[in-house]
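The same subunit A turns up in both complexes below, where it pairs with subunit B and then with subunit C.
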Partner chain A sequence: MVDNKISSAPVKYDNSFAKEIYALENGHYAQICMQCGMCAVSCATHDIMDYSPRRLFNLVRVGKKEEVMRSNTMWMCTACCMCKVRCPRGIPLVDVMHDLKAMAIKQGYVDYPHAAFHQAFWQEAFSRGRVFEGGIMARFILKRGLGEIKKLLALGMKDMGMGMLKHGRVPLVPPRKIKGLKELQQIIQRAQALQEKEAK
Partner chain B sequence: MRYSIYPGCTMEGPALFFLKATEAVAEALGMHLDEIPDWNCCGASEVSGVVGEFTQQVMTARNLAIAEAKGQDVLVACSSCYMNMGLTNKHFKDDPHFAQMANEALAAGGLKYNGTLKVRQIVDILVNDIGLDKIKARVKKPLTGLKVAGYVGCQTVRALPWEYDDPERPVLLDQLIEALGATAVPFPMKARCCGSSHAIAQTEIVLEHSKEILESAASNGASMLVTNCPMCQMNLDAFRGMINQVHKTNLTLPILFFTQLMAIAFDLPPAVAGLKHCVVSPYEVLAPLGVGK
Partner chain C sequence: MAKKTGVFICSGCGIGESLDVDALVKVAAKECKAPVCKTNPFFCGAEGVELIKQDIAAGELDCILVVGCSNRVNYNAFDFGPSVTVERVNIREQVAWSHEPNDEDTQAMAEDIIRMFMAKAKTVEAPVPYIVEDLSKTIMVVGGGMAGMTAAIESAKANYQVVLVEKEASLGGWLNKLYKLAPLKTPFTSLEDTNLEARINEINSNPNIKVYTSANIEKTAGGPGLFDVTIKQNGSEISERVGAIVLATGAVPYDPEKLGHLGFGTSPNVITQSMFEEIAKKGTIARPSDGKEVKKIAFIQCAGSRDAERLPYCSAACCVESMKQALYLKEQDSEAQAYVFYKDIRSSGQYEHFYKAAQTAGVIFVKGDVTGVSAGNGGTLVIEADDILMGEKTMADELDLIVLANGMVPTTAFTEGAYVGCGVQVPEPEAGAEAAAAADAPVPAAPIIKSNILNLVYRQGPELPDLKYGFPDSHYICFPYETRRTGIYAAGSVRRPMDMVQAIEDATGAALKAIQCVEMTAQGAAVHPRAGDTSLPDFQLNRCTQCKRCTDECPFGAINEDEKGNPLINPTRCRRCSTCMGACPERIISFKNYSVPMIGNMLKAFEVPEEDEEKPRILIFACENDAIPAIDMAGINRLQYNPWVRIIPVRCLGSLSLVWINDAMSRGVDGVLLLGCKHGDDYQCHFMKGSELAEIRLSKVSETLDRLGLESERVQAKTISIMDYEEIPKMLAEFMEKIEDLGPNPMKGF
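Moving on, here comes the complex of A and B:
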């Protein structure tokens, strides 16, 4: 049966979430999306995303915070930039996805392992000035627990590691921290303070 | 010709042999590369997803500020590094408000960037500065009969679309392959994503995408792939055992960095080409050209 009892009253959306998104660095771009779907057909990982970027932007508009923040969409983005190149509205979708990731981490939506990987990478870069694969891995496992190792081993990661080792691809000692690490950290901290001030 | 070079973290780690081959090829072509002193990580595709784009770009800008003293174009080979360095540089030139804020942050470390440099991808430099004719003239061992799929990957051509090549159907890497005497096979997936840094957090994505790319190269008659992206090379090379195990395939095409292939064609010492660092052995494919261990 078709439900014909559709109310003629205007639908009211809670726009507080949309406002929160539009206030992010590149969040305002979500406003100009015209729902054409070019991003969806261009996306390398569209088939495993909960929602395509187009649908995600629509969910932002109608205030579905939990659906957006708990979706895997931004975490599946590989930053391949195909959507960014093709978007007829010129939306830098990759950068919007980065904003959504940063917001998810800030607000504790960190169920996906990708969140831990991003944090591991960032901590490695901040504390050394350069990143070292072994360091990122160690930080990632510390955050996620040994279950991640088991998952990787089941896929054959041990042989992969041995292959890398055998072919001289794994530096056993981490590279030295950069000489200007203290200055770099001061620069980053000042940048973060400026960024927060700008957001207000 | 002199350039500043920004190697990036991966090129002093798993892709160190890419750097070595690149340096040797550059020298053979009369280029002089000065490494940016005490450079730091560009943040790849990860850092802005934690601390925001502005902070990541300021972090990247430290390298540009240091390099500016020399005034030379900055050569970048790694795709993510090129994307971040290129976008940050563009931001400095196009957006005075960004430039002012970024310089306010850089001042905390005693630095300033005036936005005077050019950030260049190595493929762009080789084709447009050095020139295919000069490269052809330097070839001592033409790679006649070698069928190569040029795998460009995503970020280098799409970071700054049309900066030097088509963002979806790039041609410059193929031109380099042909300049070495090899044949560049048609390769529809040359600019598709390999799964990138999902290698750890969601390995299945990398295994699936890399499988499709390798199958596309094989079905178009390639006997090997070359790339200019360290992430692509690692995903298609080091993860090969896992790809074949999970997808029950037997994909054997080796994947080299294109400067390794240039080193072979220039007849540089085998240690320079660094073939022993490829996990999937390229020796069988290269045997007809007289390349041994």
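Moving on, here comes the complex of A and C:
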């Protein structure tokens, strides 16, 4: 866990960033957080987050945009929904985290591999209508640069990858695209447009 | 007196299976010579009750011993009218259910209980209710604020005459000062109008309510049903006779002059909540210094409250008030920023929804301790605080206005305008000091603050005794509205700090209690906790030594004095706790169905085995309010405890007479245990000081025991509540162990 010190200067309240967040689709939920900390104690990945969800919400309120947007909190969220289930105020934290991720990507704040992976996965799904693991890997490495391969190998991913190939868990040949892919893409695009419209 | 006692032994509910009922009959009929003694497996059933009724009619019985279950159940079944005294002899919960069946000791216990109650029955008489002439059922409400108005309307709706006394020229109290109210109804999210005019109209148009405004109470004499109140209005005096009083004089804001550490006085822009209401009421929320519209505001919660040096308690309403006031600003300008610096948000009850609504409106809540308030640029203010949730120093600057949530202080905490409620010692009234010096029993006298509200003509003092911080004392769990003056019920923020919703509820509750009081008084019966009890203490005044202990120790101020210093009871004020009976060193106070000799006979009636039988006896005096129910609960849960105990229920441990302990010890009883309620600031005693008084008296018993050559550890007092019933077997076992260590009482057999 990183040092939780935000800065040495006294925190000043600036609500312009908070307003930006509240304008997101689920952002307004951050307003009704009462800082009880139930999310933090419920979170399975809390230990590896920069800030617990409670702290993240408080940072939003205080107006610490840099800290929030660059934090890994939302990227470490596994969407297990435990916090959402337990929140006494009924805040769907998972959805808020999702909005924060989208915003961070959109505003170019992110250099977490998670973000690249999310994007690679999504592009793959969007272009085929189904997922091809090899394609995801290729996209991911292209996004992150070739240096990422070294890192993956250092993590002992080589053996795992070979094993999966051997057992046919990862196909070498891309699968066929689905029928009606165009329509699917239209549906998705429409949904995205609607979402943006609603958030405003 | 000629008395015919009938004994009816029930063998149902497992009694017959664990006890030899025929042997019990033998004890009652042969040994104790009861003229009628019957058994039945189901006395509480229609048939059983009919059997008893027939016997009452045939044998002209005037006392009935129902030997079976506890008096906490089936009390309606065994009610045979006021002329027949019914004593319930509990051999179900206290014997059959809590001891080994068909055991010699269990049987002995049941037989002893019958012997004890037969001894009591010899002198028990049916009490005669005290019926008052010229009784008034009018309810007087003191204070015309939210609580007072509600109490008046509710009582009037229940068809009681109401006298409403308000010291200001118009009704409304605190409502007059408010711009709007926090929500009073579901969904508890939006501000409400005070609706004051409609509320006042409702009172003025109600023919049952008589309103005195600009009026003070000169004096209040008498007791429930008989209060003679002198009201002073515009220089003239008016007399009213009322039955009960609801005290709803409310609270006032804590003096902000003492909040210099939060910047009060340093800038005109640091104001209190009530000052903010004034500003909001005028229209635009602007800075008092230069009239600039407020764009950024901060509220500091717990200003003075929850502060050991100022008000140690939580003022309960300020959190919600600050949310409300923050919403005033948001109403004026939704872009304006509002910060609330809090210790804990205590938006009790449904106000959680209001808290959420305030958050949704954009009010920012900061959990932090304010460390400083200083001046910033251009007439603005700066708050520095330790943000607890961030673990950081935080700062809110460019504030136009700072509002201090400066808590509330009850109106009963003032003497001639000076606050004496908290930490300030009230000089003891001379009479009290004298009495305390005269009597060697140091009675912890309840402080009475002369707040000039009711001006009671009571020997014990002019107002209600307080417990802490100037709030009138009440049994906060069981009888919150009861003050320590029977017939006077406190409601609203004079009772404890509270918000409007609670005040409305409180006033309704207190009005109901006042109605109960006048109705019970009309029947000559006590109000709770001994509701319905018609017995009254009799004083044998020819033996009175004017020691004043009864007048001092009566928790409800029921006893006045005549010119000679003799006690003079006000029967309608009496709550029948019999604390006076235990207090009287001459033992001249007794009730028709409860007296020192009566209990004395009981403890002389059970058998004390010889030393060589190795069966010690422990006598327990158990308070009927909590200890007896706890013992019953132990039985209901089939917890097994020592069969060598003999339990005598007492009305309150405050009625404990030391002569009982003396008598028990000289009979050879090995130990005496007093079971009563918790005492202290958060006491549980239903009569305020009963168990405390018993312990004070007990501290003197060691002398007596020494005289008898006994160890003082043989007599102990323990506190217990109904929740502790599981502890009883352990508690008794521990006491028994101690007694066994001490060995048998050497007085045995003398």
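In this section, the second predicted complex is superposed on the first by the 188 of 200 C-alpha atoms of A that agree within 3 Å, B and C clash if a C-alpha of one lies under 4 Å from a C-alpha of the other, contacts with A are read in each partner's own complex, and residues count from 1 in each chain.
The working rule: contacts are C-beta pairs under 8 Å (C-beta built on N, C-alpha and C of every residue); 3 or more make two chains touch, one makes a residue touch a chain.
All figures in this text were calculated on a predicted structure; none of them were measured in a lab.
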Could you tell me if A:R61 is touching subunit B, subunit C, both of them or neither one (first, second, both, neither)? second
Given the touch rule stated above, what does A:M164 touch, subunit B (first), subunit C (second), both, or neither? first
Name the contact category of A:Y13: first (subunit B only), second (subunit C only), both, or neither. second
Scan A:G156 for contacts with subunit B and subunit C and give back first, second, both or neither. first
Contact-wise, after the overlay, does A:M38 reach subunit B, subunit C, both or neither (first, second, both, neither)? neither
Let me test your reading of the model: by the given contact rule, A:G129 touches which partner, first (subunit B), second (subunit C), both or neither? first
Which partner, subunit B or subunit C, is in contact with more residues of subunit A? B
Going by the contact rule set out at the top, does A:K84 touch subunit B (first), subunit C (second), both, or neither? first
As the complex stands, subunit A meets subunit C at residues 4, 6, 10-13, 15, 28, 31-35, 54-55, 58, 61-62, 89
Report the residues of subunit C in contact with subunit A in the complex, numbered from low to high. 337, 339, 345, 355-356, 359-360, 362, 364-367, 384, 387, 389-397
Subunit A contacts subunit B in the complex at 25-26, 44-45, 48, 74-76, 78-82, 84-85, 94-95, 97-99, 101-102, 105, 112-114, 116-119, 121-122, 125, 129-133, 136-137, 140, 151-152, 155-157, 159-160, 163-164, 166-171, 175, 178-180, 183-184, 186-192, 194-195, 198
Within the complex, which stretch of subunit B touches subunit A? 9, 12-14, 16-17, 38-41, 43-55, 58-59, 62, 80, 83, 101-102, 104-111, 154-155, 158-159, 161, 167-168, 192-193, 195-198, 200-205, 207, 209, 238-239, 241-242, 245-246, 276-279
